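Note that the chains take the letters A, B, C, D, E and F in the order they are written out, and that residue 1 is the start of every chain.
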Amino acid sequence: MIYLTRRACFNAAHKLYNPNWSKEKNEEMFGKCANEHWHGHNYQLFVTVKGVPNPDTGFVINAKELRDIVKKVIIEKVDHRNLNVDVDFLKGQMTSTENFAIAIWRELAPHITEGTLHCIKLCETENIYVEYYGE
Amino acid sequence: MIYLTRRACFNAAHKLYNPNWSKEKNEEMFGKCANEHWHGHNYQLFVTVKGVPNPDTGFVINAKELRDIVKKVIIEKVDHRNLNVDVDFLKGQMTSTENFAIAIWRELAPHITEGTLHCIKLCETENIYVEYYGE
Amino acid sequence: MIYLTRRACFNAAHKLYNPNWSKEKNEEMFGKCANEHWHGHNYQLFVTVKGVPNPDTGFVINAKELRDIVKKVIIEKVDHRNLNVDVDFLKGQMTSTENFAIAIWRELAPHITEGTLHCIKLCETENIYVEYYGE
Amino acid sequence: MIYLTRRACFNAAHKLYNPNWSKEKNEEMFGKCANEHWHGHNYQLFVTVKGVPNPDTGFVINAKELRDIVKKVIIEKVDHRNLNVDVDFLKGQMTSTENFAIAIWRELAPHITEGTLHCIKLCETENIYVEYYGE
Amino acid sequence: MIYLTRRACFNAAHKLYNPNWSKEKNEEMFGKCANEHWHGHNYQLFVTVKGVPNPDTGFVINAKELRDIVKKVIIEKVDHRNLNVDVDFLKGQMTSTENFAIAIWRELAPHITEGTLHCIKLCETENIYVEYYGE
Amino acid sequence: MIYLTRRACFNAAHKLYNPNWSKEKNEEMFGKCANEHWHGHNYQLFVTVKGVPNPDTGFVINAKELRDIVKKVIIEKVDHRNLNVDVDFLKGQMTSTENFAIAIWRELAPHITEGTLHCIKLCETENIYVEYYGE
């Protein structure tokens, strides 16, 4: 069993704002992240697939195919988008890095058919990242 | 003459959209950057001050003071903000990295009274940055 | 279960020197790290907390609170300090990266009350880091 | 139990080419990586050893000794070499990052006698890396 | 005048070998870099263009166009190639980082028609890079 | 004219403390950097040499020779040392990054006999660096 990780980058806007709460409570909980006019990030997404290398190629999964799957299933839907407004698979959710990583797992897992999806690591800034292993 | 550089980081939303153009022309010129619902970045700002070290301190400028000036004059106005909507000193301008760096220079230069402001370097992503030397 | 990691940076002096050994044996074992006048590092500390996201916030733990806890419990005691001399929770120990990471875990774990402390990763240089999972 | 990681860097040429396949099938599968005249990478190797710190030193393994073992057993055989042509322990294998990491584990594991080899992480570019845990 | 820089990455094989010298003299001068079977690098290329921002766009040059020019004129000719064998514009030259940067300038300069090419920075490893300003 | 830069890393202890001032004035000016028991950094030193490439080698200066000069003249005197106590060429000076970079220039310049020393860049943390061009 070996683990292959591929990085993809994208830029998106979002805010942390719970519509069931007052503006004051949102600002108390989320601080500057609650700014109604949005802020944004250069996200880095690391997708890890595990499996046994194919003897003919030496690959768990062809890294180019993995790149293309991640691009089609995730990056094209989130790059240069507003996570709260533009992204179907985040509708109705707080766009915390935690929830975003879990949502990416759910979108991506059915498309990984060579090897098995092992981890979604999502970096919001150089100081904050989350990891999700599917359970 | 020696050059001291201090980095500061901030996260902001913006879009590239010329209000004098049609939506089509904006999308042709700016592509995904024209998304009406915004996108965003983790910006890195490098402020360079030049001068002769003070013999008592060895400093061109106290790096802590430089940090505090940059924080007060720039970061507090742009961090977790929408560059097009929330930032007075960018009003009416295209929020390209080029224009943003020039605007930061204009805001910051009068506040650098120990040494002289030499360069504003502003990184939008790991692949794109601009430098401005004041003229 | 999701894992949230927050980075904090600090600068400290230390040396590796076992007082039960001769100077010669210390230099043989620790080389330049045994220099009696100290050396130092820009440490990077990565604190990982695991848990289930709160449905109201999307957070395992509010990353700002985590930052504040790490700052108060660890960073203020080690930043710009001498690890061998100034840090109570390292007294009487070799200040290896291994021992330092374990000591940080012991200090920090009781203060993590939202989610559970999962990992302390401590980077001494770009070439050396340790990870500790509490057991 | 604590985990110590040491990084080592090296530069090597390779190509991905299955000699049992036609040139067309190789190009279809491996794209530019099949270029018969080779390409190359700045590889980063992260070797993780786990164990209990020695009470006299605070070390799982002396990081200098680990550096010397990795240098002698791996780096001197692969740095500024052609992985397909010059490296005995890769002979007859596809030089995918997956296979290369597994081969490094097999070469290195018998030489780690303080602590136990835990992980080989091998980065081919800033976008692709693999991890192998020995089984 | 403002300076915009765009990064591009590529992976290539090369060796340093002067055909007018003996094998011994080559090895004495170039050490491991003279390995006849090649080695390789993950190169990072930073292309800097200077100019005055266009008032309609805020751009010195559209960074997407700059990316496309660099991709077509340079990256497609050097990525996953052997610099000594496959690259027309390096034929008959030592493929030192210095010569390579100068050759990139000569190829690229005529294609930069918005703004003016200011600098080619080429990083061979994390420890070595060159800069060329066209004269 | 082309510019070649070589990076070297070292770890050192220091403090900022003017012996002509009271402890209070030192703490007011230098804050935590005045801690009498020292702190430390992972310094990164970038040495830039300019010149015309030698037609036989393609080199401004052989990067291996530059590495060896920097190692012998600077790194061996500062790595794992206390800048205030152990380093002859800093005696009697404030060990600010500014003064340190100027002192490195003065030590190193006479030893660069292929090409000409162009710049000393010295990074103290990821947020602070200085550049010195010899005048």
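Please note the rule applied: a residue touches a chain if its C-beta (ideal position, glycine included) is under 8 Å from a C-beta of that chain, and two chains touch if they have at least 3 such contacts.
These figures come from a predicted structure and were not determined experimentally.
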| item | value |
| --- | --- |
| Which of A-D and C-F has more C-beta contact pairs | C-F |
| Chain pair equivalent in interface to E-F, over half of contacts matched, among A-B, B-E or C-F | B-E |
| Inter-centroid spacing, chain E versus chain D (mean Cα positions, whole Å) | 28 |
| Mean-CA-position distance for chain F and chain A (Å) | 41 |
| Where chain F touches two or more other chains at once, by residue number | 31, 126 |
| Which chain pairs touch, all of them | A-B, A-C, A-D, B-E, B-F, C-D, C-F, D-E, E-F |
| Chain A residues touching chain D - in the complex, by the definition given at the top | 1-8, 48, 53, 56-60, 62-64, 67 |
| List of chain A residues in touch with chain B within their complex | 9, 11-14, 31-33, 35, 37-42, 79-82, 85-86, 125-126 |
| Contact footprint of chain C on chain A as seen in their complex | 16, 18, 20-21, 29-31, 93-99, 101-102, 126-133, 135 |
